[in-house]
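Sharing a structure here in structure tokens format.
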Amino acid sequence: MADVAIVAEKQSVPGDKKVEGLTMVVFSGDLDKALAAFIIANGAAAMDIPVTMFFTFWGINIIRREGPVQLLQKKTFMESMFGWMMAKGPNKLVLSKMNMGGMGTMMMKNEMAKKNVYNLPRLIQEARDQGVRMIGCTMSMDIMGFKKEELLPGTELGAVGKFIASADDSRMTLFI
Amino acid sequence: MADVAIVAEKQSVPGDKKVEGLTMVVFSGDLDKALAAFIIANGAAAMDIPVTMFFTFWGINIIRREGPVQLLQKKTFMESMFGWMMAKGPNKLVLSKMNMGGMGTMMMKNEMAKKNVYNLPRLIQEARDQGVRMIGCTMSMDIMGFKKEELLPGTELGAVGKFIASADDSRMTLFI
Amino acid sequence: MADVAIVAEKQSVPGDKKVEGLTMVVFSGDLDKALAAFIIANGAAAMDIPVTMFFTFWGINIIRREGPVQLLQKKTFMESMFGWMMAKGPNKLVLSKMNMGGMGTMMMKNEMAKKNVYNLPRLIQEARDQGVRMIGCTMSMDIMGFKKEELLPGTELGAVGKFIASADDSRMTLFI
């Protein structure tokens, strides 16, 4: 599967390609890191820099759709377990530090609202409006049993080769 | 605020700008990651590579001043809470793993001293001496209520646009 | 030591050097992050992109040899402690989240096997076969008392300057 996942998506010839933009791996599913990722993405997009976000591992949770989803295929028991145990979408994420049973996360959200900082769902919406490219990692989805219809609408799917092709054409690369 | 924070700080024209240097986001406030960040920063600076460090979220704790600070503005109760609950400066940080109530952190510090590896305060001083640019993220400071006078002297302030402008001119970008 | 570690390994002249490839710091010793690092490394290598991995701090654990090792030098008590307390090689690593006393890690490994995703030892082997350059950070090894013979055969040793020289010649840089 690791081999299958790596398709030859690199068409560019080194030297004569345009290297610009920001490509990031969003590996973490922590609220604080998700906020950082989207604040950076939106900041770059506002400066007319093309942005690609590749969501993998716990990062998939950030782009999960809330509410009930009609699945086209049945999940195995273990796949359902992954789905139940992990945060379902941006409103369910918690801080990586000082969560304190949810109190720290609530405190951070309240302070952000008071200081007029966009919350995560709104940051994601803004990213979408600004044309930020959002890709869900197919290998992670396969392992944890997530289906395309469980992700936010408009999310692209892709394997690691798609990330690398984008990163290799970018000036900035981050692993978050 | 997210919008306000993104000012048009990108003056460079793609194609005819000099792309060099290292720009990093220091998101983490863990001792081990802070050490890694400053060892990389000092290593690059010693090789005459321009270095910019952008401290955000928990990373702000790394550049907090120790001891009492005379504040120009009063803090709200929640802002004071953030200040109390988080590590105040480089000497208060702990390891992300194996902290074991402080024992692991002490063990690591002792081994570093025995092996003549600079401790974090000294690495920060060296970075300053080598001209490493250190920027405190204004949005994080705003959310958590930190004031400029609470940061190490010489720290610049800036929003995410300042980070992106620097990263977009850099050859290397890291998120730590 | 910090000074000693930074040797002048930068031979390249800015402007006339070939900037390509991927260089990453592997700081984490978590199973999930190690998997991500090697999946990215193998993906890039399969696309004929030169890859360098610099293992530092907890990341050293990923490239520790399993089984008994005949040491050429005796370790101090504290050095032995580090060795005992940390994961010895790729099969001993656990997830950064949802480990749940090992159950979550086992569950993830099982799902990976079921979905035909390479496990970590095999990903490391594949990276080696594809010519991925793997460097162990000498400063981390010095602090924690690891000797060259404790690392996987074929691992190169180097200080932070070696990482920076490689990163500065690369198009993509990641801190994992």
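Labels for the chains are A, B and C, by order of writing; each one numbers its residues from 1.
Methods note: a residue touches a chain if its C-beta (ideal position, glycine included) is under 8 Å from a C-beta of that chain, and two chains touch if they have at least 3 such contacts.
Remember, it's a predicted structure, so these values are computed and weren't measured experimentally.
J.: List the groups of chains still linked by touching once chain B is ignored.
T.: Leaving out chain B in thought, the network of contacts stays intact as one piece.
J.: Taking shared residue numbers divided by all residue numbers at the interface, is the value for chain A and chain C over half (same) or under half (different)?
T.: different
J.: Could you give the separation in Å between the centres of chain A and chain C, each centre being the mean of its C-alpha atoms?
T.: 25
J.: If I count partner chains per residue in chain C, which residues reach a count of at least 2?
T.: In chain C, 173-175 touch at least two other chains.
J.: Mind pulling up the chain C residues that touch chain B in the complex?
T.: Residues 1-3, 5-6, 8-10, 14, 19, 25, 27, 29, 56-58, 78-79, 81-82, 85-86, 139, 142-145, 159-161, 163-165, 167-168, 170, 173-175 of chain C touch chain B in their complex.
J.: Within their complex, state which residues of chain A touch chain B.
T.: My answer: residues 18, 20, 22, 24, 32-33, 35-36, 39-40, 42-44, 46-49, 97-98, 107-108, 110-112, 115-118, 123, 126, 171-176.
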